[in-house]
């Protein structure tokens, strides 16, 4: 349906006004509520009797930086595989994550570190905010190319709140363990995005199908994302775990799991490929499933063999999902999952949660020794049996699926508000709606040679 | 004006001979003056009575690596946005920074760590040398595409010396605080480069304007630079600050400031764009201004709200600068600023210096407690009032602008020496003068198919 | 020679079946043998009386992550310079390294950390496994484009074993020092690969020569690899050295050496280039030789000047090697060295070993003080003179060359087994044999527009 140029131009004000409003609002809330914690505040830190080497910064900041690289480099480039949507993939990742970091500092702060009327921040809040941004970007992957930036900011506004509440229910109320976020990040982010994508279902999307694919170089850009996610995933899962053996073991388990998911992804991709050819989509995505699947159990005494087995299973399930389940998801369930987040985050996240149930249920005092307190404090304190912990873990998965589904549904209804700027069916997966785009070849380059105005009226 | 092939070939010897001369000279100076410090020397370290965990390496090396990545990956790729100048952007960044690291180890060493006739080096000298290389690369950004590599090495030779002296005057003589270098790195590097670019003004540069723009993939390569600069900027500002709360707070402030400059950049870019379209140049650059603007005040008790406000302001000013001021800078002031360093480093650097004046002037014993010694030692020791510190900070900005301007002028005169190899107006922003360049498409690939000789005679 | 489609399809099963078999085998061996060490095991760690800050994790994990980035990002992208082989370069690097990490955990574990019937793993085994993967990838560079993935996995299967034995002979039996692996990693990997490439010599390879070159963007992707290798090399060499001054000094030496190899590479590349033009191949590779050449001596009291001199020499030799020796290597010695590993790893590795001989021979009790124990324990304990240590170092180089040559020969015979899937002469350096490849331009994009079936029958 055609739209007047004037109205189109009016809609274009949504993004800047929303950015300014959201930034103003978080700034005011920061002014009122957010304060340095005792490790970042000059007066508070020096009041204590401790060495500078004790500052949490030195235990967690290197891992934080790796997580930060994953969120911005990893997710950003991984989604840049589309031939004409690289600017949007990178740019909107950047925008969404930057907003989510501020907003989740507030939401998580109110729920987790609100003392004396103030939120206290330090390196742990930085890590947690990055985790929340990761969940938002997972959801972004499900609707990539079919939503405008103002819509995406509204999605983030809602999702961050629900992420925070779900995380609070699991970790604080239910005593669930989920350091690397198989449930709180991957399962939540994936199903929130998938349900949202279902609500935004576009029956006429085949109009844009010619842009829904990669070109040779865009696949190499996407590999930047894949490899940075892969190498830093041990830091992702271990960033928030207990110090000492906890971080060490989590990193090790994740490292092994990823090697196994890589091998199973190559094996399965070649097995199901035409003429035994490998598919870049599988390599870029399914090889990462090993990181997702040990998000819950990575800090536990999973054993190195357990990590390999888990990673192998996750890579297998994820590759088969890309090959066989994604088409069904669209044709039968009307879920258009651009990046296949169901395969990379959804199924491996659920598997990871179930693996956590299993490993928690098998925990023994002998295996953990005095380290039990760090991994399962409620069991160590005698408040819970291992079976009870396992049941709580399972219930945590259920709660997460509920929050994600209801939240994704609400989000979808919010994003369908008719006044919101949204790309038309024929203009999905296309940078030119939102960006000044230079040519692909030199003679079409940006600069003095002005590109033609994008046709925003269908 | 045409030039004989022979003379052109002769000029080509300048780069290798200069490299060999400079490397020989620094090697001799290293042999005479540079020694391991007590933390890197086997005998000295083991003479002390300390645990290996006390070695400065463990407190600063992870941050150093992030800074190192920013200098080489960040600056290198950020400047690779030009369609036909990617080899030179990456390659000359690599060359200039490698030389600057050696040369500034000597210059900074003579000024800061010269004891008993020797310069003592360790992880702090590595960080400081990388900072100096950063300033050189900022200046490079102003003259990108219009200077040859031999000219650039001479620029670095001069700039490193002036950088070192300016830094010494500010930090050691004036007692100015500037951990992340709003003044010493960003303001200095930008105005040095801008004045130098003014002296090298080319009225006929429109002959190369068709190459002064990006193509689709070159903008994605530039985003690699942007994102790595963005994620690691907290390490940049915190790398040299005092241990404990100092590094922790600086990283946190920088993190928040960058999120805010990102939001304001998206808002302003869309507001001033045609049809509300976003401009990649803004996103690639102005979103980083939040890191520059807290370079001075990041280690102070800026408060999280202060960081957001500063970042918001910097992103706004920087984006508006790209849109409205860069054209004026060329047309009225005859400064051709290829990368817009005035917008990313110049104005945000000056803003950052002024913010440092403000935050220093507002410092109280109550807010800093016993941590005052670490941030403002002269105030803590009673040698200075906060007002006096603020005035010194302001004077430091003035000194920096003087050194940068005079230095840039001198540098420009040096680079105009007629025997130096410099690209002709019609060959600016063009790799083929300095590099063997393969084709863009497969059938023009490097290898057995030899590319045509570049036409070096206009 | 033509081959029936059926037989070609049958060969395509080799990769998935081999992946599944190898993953199954390592998983079983992990289940039987691999256990957490006392720093990663919850019970064992908490049984000890130590602070969490003492956990080896905090001393080595940041360096491990840098090494991990080098192996996967650095090697992967460095080899992506070929115009039509980017998927394979990145993808097979990913596959080979993932397998090598598992397999070398077992091999190195049996040889180095096998206690009580079990292999004990932690961050040091992660670093060592990454080092072994690095050697495998160096060998991969020599045969890049001329081998199929199943062949490469078999190569890794053999090479990891021989790498482990060679490393064990040098470090444990001969008491050779080689922290950064000038011998064990670079020399071994290079000559293993070169001999293997000799055995696989293809006289008709000129059929594929039109693909043996870069295009403009593939050279920029390769620069991602170069720069990440360059910046993180100080972590590579220092990751396994003794704590305190050892890691600190090694990082510093490597940093200086690399700056010098960069300057000499630019100088020599311009000197030998047509019209003084720089060659991207030199910059991408030879500039890194400074990291290789201090792999043995970096932890020693090399002095900052020594590091510069070594780096300068390595960059020079490497650049001249690319220009003058690589063609001879193919024409006279029938070694087709795709990535020029002889120039980047072979010669600089041997130089690095010899430099180690020299620096070990010059060691004095005065220069090392009580730190001698950490660098040369056998000398400190009086079991060896410095001359004896130097001779052992030299013998270590000889042993490494023997293991590499014999191993590469065996590997070549293994890979020539006629039933193994190997690209035909006319299809080398070509992704389409192994990958579903999208078009280079938008109108040929992957997705609904199906690319034509690759022609796998010559």
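Labels A, B and C are assigned to the chains in the order they are written; within every chain, residues are numbered from 1.
Just so we're on the same page, a contact is a pair of C-beta atoms (placed from the backbone, for glycine too) under 8 Å apart; a residue touches a chain by one contact, two chains touch by 3 or more.
Quick caveat, the model's predicted, so the values are computed rather than measured.
Chemist: Touching both chain A and chain B: give me those chains, sorted by label.
Modeler: Shared contacts of chain A and chain B: C.
Chemist: Can we say the copies chain A and chain C touch using the same residue numbers, with more than half in common, or are the two sides different?
Modeler: different
Chemist: Find the geometric centre of each of chain A and chain C from their Cα atoms only, then give the gap between the two centres in Å, rounded to an integer.
Modeler: 33
Chemist: In chain A, which residues are in touch with two or more of the other chains?
Modeler: 53, 58, 62, 217, 224, 440
Chemist: Going by the contact rule set out above, which residues of chain B touch chain A in the complex?
Modeler: 53-54, 58-59, 62, 66, 83-84, 209-217, 219-220, 223-224, 227-228, 230-232, 234-235, 242-249, 251-252, 255-256, 258-260, 262-264, 266-268, 270-271, 273-280, 283, 287, 301, 303-305, 308-309, 312, 366-372, 374-375, 440
Chemist: Which of the residues in chain B come into contact with chain C in the complex?
Modeler: Contacts found on chain B: 8-9, 11-13, 15-17, 19-20, 22-23, 26-27, 30-31, 34-36, 39-47, 52-53, 55-58, 61-62, 65, 68-69, 72-73, 76-77, 80, 86-87, 90-91, 94-95, 98-99, 101-102, 121-123, 126, 149, 217, 221, 224, 434-442, 444-449, 453-454, 456.
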